[in-house]
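Each chain gets a letter, A, B, C and D, in the order it is written, and its residues are counted from 1.
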C-alpha cells in the first residue's frame, strides 16, 4: 500500500533485463551507442516526427531545465502554472540553467492554466520595453501536479496563444504517458500537432530507473542542446545504460501499458474513496494521482496498517480538532496492484 | 582489443546483480534509501572519516563541477593543470556551476603540477586587490589525464601550498582507485591526511554504469552541496539504483580489484610495447593508461585487426610521410583481458 | 509641466558645481579618493552607524541587484511586493546578479506588503527541503512604486517577521529621502533601528546626475560586495565624480530639502486634483508621486498645453468611449515649481 | 608629476561645461535624449558606419563585458592576449556577463597577439566536439596593456584569422584614440574595415568623467545588447549626462587632440629617459604609456619629489640589493604637461 509517489516505485523487470542485455563488451560512449540509434528512430516513429532531435538524460529536472534554457533567453519569462513542477519542485533549476529567467505564474483550477489567464499574463508582461523581463516561452505540465490532464485540444488552445505572441511551447511530460492514455490522443496529437515545440518525455516515474528523453520537434537547436547537456554534466559516458532503458520502455508499448495500469489503479482508488461517507475529491482523477478527502478515522486505520502516502498540503498535521475529513495525495504507479487498492479501501471504509 | 577508453567498458556483473537485488517494491526516494545509509557508512569507514558528507551523482563532470562550485566563489580562480579534465573535457561545466570562476592553468610534465609551478601561479594571481580574480581553490587530478599518478606525498606537498594560501583542495578522482592501488597509500592517506578537502570518488570508469561519490571530509558545506545538486538536476528520485551500484563497488574490495586488474593490464601492455623496436613511452605508465609511440606498421596491423584506440594527440592523422613512430593512447579497464593485451602486442610486433 | 518621472529631472546646480570643484589634477581612482572618505563619514554620521560599509554606484538597478546578490544565495527567494521595482522594472537584474534567485511576490494594497501576507508567503516557501527554492531575504521598497510610504514602525514589523525566519532585510530606497521626510523618522530609525540590514540609498531621482549609495549596516560582507561591484563593471575609475555628487547631496541637508520640495509639490498637486469634479486618488499621496483619476477633458487640456505625464496603467489609451475619468501618474521632483503645479491644475479644472 | 594612470586624470573643462550645458529642465531618460541622437550620428559619421548601433555605458569593464556577452555564448572561448585587461583587470566580469565563457590566452611580445599564436590557439581549442569549450570570438586590445599599438594592418591580419574560423572580433579600445593617432589610420580603417565587429570605444581614460561607447558595426544584435545593458544595471536614467560627455568629446576633434597630447608627452618622456645612463625600454612607447628601466637613484629622486607612478611589475619593491635599474610604468594623459615631463626627467637624470 505505497501511494507516496510513483518516483519511488521499482523499475519494470523488462527494463532491468535490458540493462543486462547490453552489458556486453565495449560500446561507443556519450550517446554514440547503437541502441541510441534505435531509440531515436523509435521515438521519431512514435511521434511521427522524422526530423526530431532526441536526447536522453537521467532526471526530470535536468530534462526540463535544459529544454527551457535552450528556448528561453536569460532576460525572458517562462509562463507556467503556479503549481508547475518547474516552479515548485526543482529548487530553481530552471533559473540556474537559463541564467536567471523569471517564471511568471499563471492561474487556473486544478493546476491547469486557463487560456484566459495565459493570455492575460503574457500580455501583462514585457510592456515597457527594455525595463521588463521579456516574454520568453510557455511551459505546460501534462499530467499536471494535481493529477489532471490537458486534452490535446486544450494544449492546442494554449499553444496557439503562445505562438500568437511568438513564444515556443515546452511540455513537461514527466507523466506524459499517463496524460496520453487518459486523453486518447496520439503522441503527435498531444505534442507537435498541438503546437508543442519541445517535450520532456518522462520515463522515470513510469517504470524506468532514471531516464527522460528530450524531444525537439524542430532540430534547429540540437547542437546547442548537446552543449548545454554536456556543460550541465548530464551527458553520460556509458550512455548505453540510458538507451537500453528507453529501448525497453518503448518496446511492445510497455510505456503505455504501464501508464494504463497506473491510471486504472488510480481510477479504482478514486471511485472507491468516493463511496466512503464524507469523502470527496479535491481534483478530478484524470491520470494516476488521487487528491481525496476522507474522514480521519480512515486515515488512522490506513496509517496504522502501514499505508504510505502524504497528507495534502504536505505540512498538514494528521491530528487536530474535530471529525472532519483530511485530504490525502495518493499516487499510483505501474506496480500498484488491485490488492493494494482494495486493501486500502477496506481500511478507510472502517 | 578495445583500448579507446575505460568509459566505454561494461559494468561489472556484480554491479548489475545489485541493481536487480534492490528492484523490489518501493524505496524512499532522493537519497533517503536504506542502501545509501550503508554506502555512506562504508565510505566513511574506508576513508577513516566518520564525519564526512557523502553524496552520489551519476557523472564525473557533475561530481567535479558541483564540488568546485561548493568551495570556490564565482570571482575566484581554480588552480589546475593545463591538461586537467575540468579544463579540457567538460565543456565549461566548472565555469557554469561556479557562476564564472576562472580556471588558472599550472604547468608540469606528464599532466602533474609541480609544487614550484603551483606556488608561482597562485602568487601571480590576485595581486592587485579587487581588480583581479581572487585565489579560490586547487584541483588535483589523480590519476592524471596522462595516466600518471601523484603519490600521497606529492599530494600533500601541493595541498600544503594551497592551504598556506588559505585555499581548499579538490581531488578529481575519476580514476581514484587506479591511483590508489598504484601508489599503495590508504584512501585516507591519499586524501584528507594529505590535505584534500573534497574528493570526486569515481566509479563509472572503473566498472559501474554511472555513479560517482562526492566526499567532503568536513561536512560544513553539506547542505549547500545538496541544494546545488538538486538545482543542477543531479538528485535522483530513484536513488537506490545509484546506491546499489556504489554498494556493490565497495563490497569485498571490488573497486580495488578492478583497478588493480586495469593497472596490471596497462603495465603488461606498456612493457610489451617498449620491447618493440622503435617504441617509446610518452608518459610513465603509472596506472591504467599507456601513451606509447611505436612504428606505423604496428598501428596498421593492429587497426586492420580491429583494435580500437586513439592516436595522440586526438587529431593525429594515421597516414603521413616517413616511417617514424606514431603515438597511441591506450586505456585499459577492469575488463581488459590478458588475451586482449597479448593479441595486440603480437600485432604491433609484426 | 513635466510630471513623467523624477528620473528625467535635472541635477541640482550645487551638484554640478561640486563636479567642477573636484576637477583639479589627479585623484586616487576606484573609490580611494579623499572625497569618498568624507562621504563615508557623513553617511555613517547621518545613519548613526559608525561601522557601516558604504559604497557608491551610478544606477539604482545596480545598487539593488548588488545588494541582493550579496545577501541572497542563488537557490533562495527574495520576498518582495508584486509591484516592486526589482520585480517589474529591472529586466531581471536581480536574477542575473544573484545567479538565479527567485523573486517571490507578496500582496498588499498600494504596493505595500502587509505583515500577514509576508508571513504567509515566507511560510509557504521552502517547505519540502532540498526540492524547493529556499527562503532568502526580504526586500522593502520605500517610497513604494505607488508613491506610498512605509512608516519606520511598519518597516520594523516586516523586518521582525523576516528576522524571525532568519532572513536579512533590504530596503530599496531609490526614493528614500522622500519616504524619510514623509514619515518624519530619522535615517537610523527608518533603517537599522527598524531591522534593515542593507539599504540602497538613492540620489539619482532626487537631484543627482547618477549616484546611489549601498549602505551595509554590518560590514561583514563588505569585501564580497566590493568584488561583486567590480565584477559587475560598477566600480568607477574616476570615482571622485561619484563622490562629489554624494558629497554635495549630503551637504547642508540638500537631499532632505529636495525631497521635501518634491513631496510638497505632490501634496499640492494631489489636493488640487481632488478638488476637481469627478476626480479621485488611486493611491494615497504619501511622497512625491500622485496617482489620480480626473475627467478626460482635463487630460486633453493638459496634454494640449504640453504637460508630460503617463496615463496609468502605462498602456492605457488616451481616447476611448464615455466621459469617465482616466488615471494619471504624476511624479514631482525637487525641481517642480509651484507654477508648474498651478498651471496644471488650472488646465485640468477647465 | 602624476604618471600613475590616465584613469585618475581630470576631465577636460569642455566636458564639464557640456554637463552644465545640458542641465536644463527635463530630458527624456534612458538614452532617448536628443543629445544621444546627435552622438549616435557623429559616431556613425566618424566611423563611416551609417548602420552601426551605438550605446553608452559608464565604465570600460561594462563596455567590454557586455560586448563579449553579446557575441560569445557561455560555452565558448574568448581568445585574447594573456595580458589583456579583460583577463587581468576585470575580476572576472567577462565570465560573469557571458555566463561562464572561458578566456583562452594567446601569447605574443609586448602584449600583442601574434597571428601565428592566435591561429594555433584557436586550432587547439574545441577539437573534440561537445566535450570542449567551443571557439567563440577574438578580443584585441588596442592600445595594449603594454602601451603598444596594433596597426590597422595588424588588426586586419588577426581579424582575418578569426573570421576564417567563423569568429567575430571585439576590440577593447579603452585607449582607442591613443592607438588611432599613433597609427594614423582612420577610425573605419582601424575597426570594421579591418574586420572588427564590435568596439569598446573608450572615453574615460582620455578626458571624460566616465563614458564609453559600444559600437556594433552590424546592428543585428542591438536589441539583445540593450537588454543585457539594462539587466546589468548599466542603463542610465539621466542618460543625458553620459551623452553630453561623449558629445563634447567628439566635438572639434577634442578626443583626438587629447590623445595626441598624451602620446606626445609619453614620447618625450620615453626619449628623455632613454638618454639617461643605464636606462632602457621594456616595451616600445607606441602610445601614452612608458615602460622604462632606469637607475634606482633616479627613482629615489623622483619619488622624494612627489612623482607618482608604479614600479613594474606592480609588486616590485622599491628597495633592494645592488645598483641596477628598476622598471617604471609611466602613464601620460591629456593633462600631462611638458613641465611635468621635464621636471621628472631632470629628477631622474640626477
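Operating definition for what follows: a contact is a pair of C-beta atoms (placed from the backbone, for glycine too) under 8 Å apart; a residue touches a chain by one contact, two chains touch by 3 or more.
For clarity, every value in this text was computed on a predicted model and none was experimentally measured.
**Q** Go through the assembly and pull out the chains touching chain A as well as chain B.
**A** Chains in contact with chain A as well as chain B: C, D.
**Q** By mean C-alpha coordinates, which chain is most distant from chain D?
**A** In terms of C-alpha centroids, the chain at the greatest distance from chain D is A.
**Q** Could you see whether A-C or A-D has the larger number of C-beta contact pairs?
**A** A-C
**Q** Need the CA-centroid distance for the pair chain A / chain C, whole Å please.
**A** 42
**Q** Could you work out how far the Cα centre of chain C sits from that of chain D, in whole Å?
**A** 34
**Q** What is the distance, in whole Å, between the centres of chain A and chain D, each centre taken as the mean of its C-alpha atoms?
**A** A distance of 51 Å separates the two centres.
**Q** Provide the list of chain B residues touching at least two other chains, using ranges where the numbers run on.
**A** Counting only residues that touch two or more other chains, chain B contributes 74-75, 90-92, 96, 99, 130-131, 134, 227, 230-231, 235.
**Q** Chain B touches which residues of chain C in the complex?
**A** These residues of chain C touch chain B: 30, 73-75, 99, 130-131, 134, 224, 226-231, 235.
**Q** Hey, which residues of chain C end up touching chain D in the complex?
**A** 2, 4-5, 7-11, 13, 16, 19-20, 23-29, 57-63, 65-66, 90-93, 96-97, 204-205, 209-210, 227, 230-238, 241, 308, 335
**Q** Which residues of chain D touch chain B once you look at their complex with the stated criterion?
**A** So the residues of chain D in touch with chain B come to 74-75, 88-92, 95-96, 98-103, 127-128, 130-134, 314-315.
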